[in-house]
């Protein structure tokens, strides 16, 4: 359930399907489990989806893109989480209801999905998947909802949690972002004037589009034959307009360096974090090296601020994928070495600062530290560009359980000992928020503070999902 | 939509899934498009299905059968009809509703599926496939239906048309046959006492089971921990109990020679037809040859009655499948020759009787006749073991449109000329029914007479299906 | 090594490659392990081959046939023998030598392959496969052989054993058959006058060709731009011209019913065998049933002669292939039932004659007998249309070792008891030869008599092959 | 023919095959076209190879590695060159000759391969591939060579050109490097004392081995049950010992940053180049950005020397592979954007130095320059860490023809105009050699100077190869 996904949509372009294919490639870092495209010729929606990366699902020479070719298209890539990898949950979800066909693509996590599902099942609905998305389609099809002036807005107001949604109807695309703006979603325009929607602006370059602006929290954007239109669906709460809760972890880890989200460029933001980290946690060292690729931007910032030379002491292999063989534990450790090679000449005999974006369980980090020691590093100073992760995310980031988080029950001394480093320095929350462009209260910081902006009934949310996962297990081809 | 499918179910056997796999192999002649098995450990239902033959979907070494291994299982094979070959329609259909999981496998065709679908969509239901089966699950999940004393019986009474259904609930299998008993369904028992349900009894031999009896029209059979139980769901109409309408075309063409359906063995029935055909349409000839394999039984009967020697003048290739390349028309004709080879020594210079079970469009038959002529046949006397097909079937047999049927607008003389034979003789309807074991009014003969026992609103039935097919087109992997 | 294979070649036809594809389909019964086609545009030879049936290796939509398209082509299908299934041995074998490219396809077995291989290795040759065919190419490339007036004839005179060979040179096809004519090879002509060569004439129908004649033992047939030409390469032995040794087992078992080999039609020959069998071994019985499909022709003959009705008591499944799952012994027995279903109504309470073409180990036959008993057969009279198999074949038929042959150490009484039949009757050798068209001494009968017409050093032949198999084991993709 | 490949071998390790698999992963950057492993249990050699990357050929769950498991193993990855991608050329090449089996893996290019092939064909040898490697096996099998005291040394002395070779005999591995030491090859040892051979030392980390030394030019290293032994095969020329001719392009481009070749670490060498480049071609700029990943090391050096900040203005996608769809030219340009994304915030309004390792045709570089301009770069100063490429390589690097090389007929002004940059600066040859550890005359610099240390008959070498390619074209599965 917990997932990070990527969305792409484009209206009116004769090459809409091919551009969606390119756009999904640029968003591949947001999900490698499954990929899918639904397209419409204004009357009929077609859909193709499958397990694996975009390149595999729409493999060259298969003719699939050609058969899908239509001027309106949406696409989806899905993140792989261990147990729940299922073809039945791949997206877009294509369904028929009383108003015709609709295809839906979703990024985020609904915290009231279980409650809604129970309610709809009690009223006779049947479910064929375990995805939140199917719940949304049921809401959409409900006759009392359809009778509303703005039925889509009415439906969205039932949803709680994080969601960016693309709805492909036969004649239009409707894009919506939850009132808290937890996940990113932005609007672009191609040179020929066609509108494009994507989870991150990095998907625009590859299709010749320019970034226009982000979809606002609580906004519905419609792309149809009249062009572009916008409306807001979020009903003001008792305290007035909702303050956003952007997932700053998107900025720190998920998003691609060349994307522009939450008001600024990802790479520049991360460099600022690196500089701030150097201010908060200086080190007396010979060289600054990143854990590539996610720590590279912050390491450049750290090196710049600290005047310690930047270098590449760890080199990432481009060929080691997730389907690796791990016949036994000993060989499994070798596998880590294959993914991140060490340049001994950079680290041997040196006092090194290692910069990473975050530490989750700590075991992978410790593995890298050990190989750096073996390569002769004299001192290792670990620097992390976000605060210690202590709480689970209910809005779509797939952290392990609280108990598995390194920082959950450990103080800094214990963390230092666990990681086997000479010093460890985490970015402060204040420092982090200080680097950000938007006001500090516009971000969700729950994974560090445990303060969830959208109240979560954790028992229902967690247990409910697992219950459905169990009940709906369906085997798939490999 | 129009389809012939095969069903198999078994309760309580530790090897239930493997036996379902064997059972589906024995029913492979009823459908080669897709195959699937759902199994339950009494608490959780798992499902695996895919496009292609049983052997491919559950390929050796894939570990799929092992992962599915559970003591309760149902399986399904699906017939390939040209345009509607879709993975989303493969069965069993696994869904969750308020009472938990259910997997459904269906053989037949509902004539009111479109009406029911429209009604349910109007009330807010969403559909993910174009199969009749999804409609049935919606009916099953409806709260007012669930409140009934026998909710399954209540649901079945809403269905009109031909249906044999297997419902796998976590703790039991429920098997139902429509009140007219249009398609076959029978009950067997293994040596160790486990009950088995299958479309045809030919599936019993391969799993070490013995035929017990057919499921009665309008009967629900339950297999659960208490063993075997039975009840009837069909409410008597104004005229009292419904007279069955067994599809005699199952007997003539679909069913396997070693199956026992509608009260008698298929091969013996077909031999009787052959003898009757020889009485009705004798021929002065040297040899009787069947169109293998479907005409073989009748040809043996014809030869026996007529005292004309039986021989194999046409030999079927075991290696020519449906995925054949047909680059152009000329090569396509060669393809027919590859499928059915001629033994010139049997037919050259001879007066031959060619026996086939039926003639649909007539073009394939004419192709065979022409190659027999080229091989030197002196006279060709075509004999067909059923009357001329003139009307479409709405209960699940995939005939072409009325206009395409050879016998639709042609008298016997025109048929003879079309087929380019010396004489042609069709079995009379009386002769056919005379050969059958059950009373003449217990069979459906609509494809010859146009008299449909269950009233059909042909416009709705045909058009509705096509409308959905169009609306729901979804591309699939090959 | 021991193998039965199928060959096809065609010269000058714009559709040569497509027709080779069709021709290989018609010869698929001679080998399902691998398939390959080599074609030439008169200057360059291209080749594609792979593991599996023709349909899989040249799958529709792959564009392979189109890319190979050339007016000169040869093709090959290879029989699967348990241990030696290897892609490196698939054919045609394409090689380059001093005169350019050559592709070779071979059906048969050289008894001096090991000796030749040892000799060539001693002179510095390297081998990349374990096939006899590679030896032949080495002989072809030897400079002293190339200097001969007719170098191909010179090379063929070095070969001992059974061989039908197709050589594709850039500008021509040369087809050769060993001086004993052990395996069949025949010549046809298409309607447009292009010459065709195939292992069996059944391959001609599918490509619109007519049978002209067999390639003579010791003959080389050349197809090139001048058309068709012929020469003989076999040097007369001390006793003058060689008497043929046609493998009569091809006639009894391998060849397809509509083929014309060794001077007559296969189906008609087998019917004669059935009649002769009825004369030699009459039975007092109610019905004659074949073991389909190989026993069908003889059973028709037996029924005709004996006046006992012919019927189909065993029905073969068209969908059970060789890749079947056999998880354990018990389920394995079920598998036999799946392949051959019994029509109880035909055999129950009856005295039956079961006709098969041959019995090898006897275990499969006994399995069928037992299921016939279970189905209620009152008496079972086994009739076999060839004599008891007692000796191995060194010329290309893959019999098991002598010790495994049912008839090796058993007298008729013991065979009867092993098979659990009421009576057993094998065709006499005299009876068999009497049915054949050619003089009795024109056939190889070694598998019944142990008299090998080409002297075999059994130690070298058997052991040598296994030695190479062991040495050259190379893994292949599945 | 022209190829860069990777070799790996290990002797005596129970996990030899798994480690070869890991080792090939670390060498994947040297070849993605095909992969293969041959292993020996001291008596029998087995081999598995296939098209594609290591991960695909030895895919998890296939059981292939397990079946190959033996204590002696060699492996090979092969570089993809456009036209000659053929399974028949994949390695190791397994063959049998008079002394038994041998498997050979080769990195490099023989300039006398055509001459040797012609000579051997004239003496009767047959060839099944177009690889140089097959020629080597023919030499090895020649009886007069086998009679020599050191037959392998004798054979190697016939070879001209670049070659690193691994020979797997049933009981040992022999590794050889040509007398000029053109390609790298080095020796390592695992923690448990097993010897390892690899093209680059980066393959050692992943298998827990330590770098010992490079294989010397002209040296044969033997790994067998007695451990490690060494001998030299190169016969001194008239001028005494051969001066090495290490391919310095390996250092600049091919090798991985953490490898140690030709006496020093690759990353450190490239940083030195960057510093030297900054000395030779300073720039008045705001930021230094590399073309990742090959230009990163030099860019770090350039930034360090010039004091201009280093930053990541171009971000490489990890998911764009070589099998990309390029439906038309316009979309093809989009594809370049997908592979290398630009971070506008880094380059917008800036004067930037772009550092790359080399420029071949110049069109890809120009594409990047243009996108940098579109992203707002104010000035672009191109800096290249090697001299202008002007001559083809005959020793294994797959440059395009001389005519296609950007620097072939252009002076610096023309190059600057072609690339559309503000300034362009190439490393001087003297500067390059000055950075290197070994004496200047120990490197091959032919691609910049045209001075080939091993005389090349370019007509024979180039034309000969193409001739064979044409003659031996064989289609392969995709």
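Just so it is clear, A, B, C and D label the chains in written order, and each chain counts residues from 1 on its own.
In this section, contacts are C-beta pairs under 8 Å (C-beta built on N, C-alpha and C of every residue); 3 or more make two chains touch, one makes a residue touch a chain.
Source: prediction; values computed, not measured.
Path length between chain B and chain D in the chain contact graph, taken as the least number of steps between touching chains: 2. Taking the CA centroid of chain A as reference, the farthest chain centroid is that of C. Centre-to-centre separation between chain A and chain B, using Cα means, comes to 48 Å. Chain A and chain D have Cα centroids separated by 37 Å. Per-chain Cα centroids separate chain A from chain C by 61 Å. Multi-chain contact residues, meaning those touching two or more other chains, do not occur anywhere in chain C. If each chain is drawn as a node and touching chains are joined, the picture is one closed loop, every chain linked to exactly two others. Those residues of chain D that touch chain A in the complex are listed here as 15, 18, 21-22, 25-26, 28-29, 32, 53-55, 58-61, 65, 202, 205-208, 256-258, 265, 267-268, 271, 293, 296-297, 300, 304, 309-312, 315, 317-321, 323-325, 327, 331, 334-335, 337-338, 341-346, 478. Looking at the complex, you find that chain A touches chain B at residues 44, 46-48, 50, 62, 64, 67-68, 93-98, 100-101, 121-128, 137-138, 140-143, 146, 468, 470-478.
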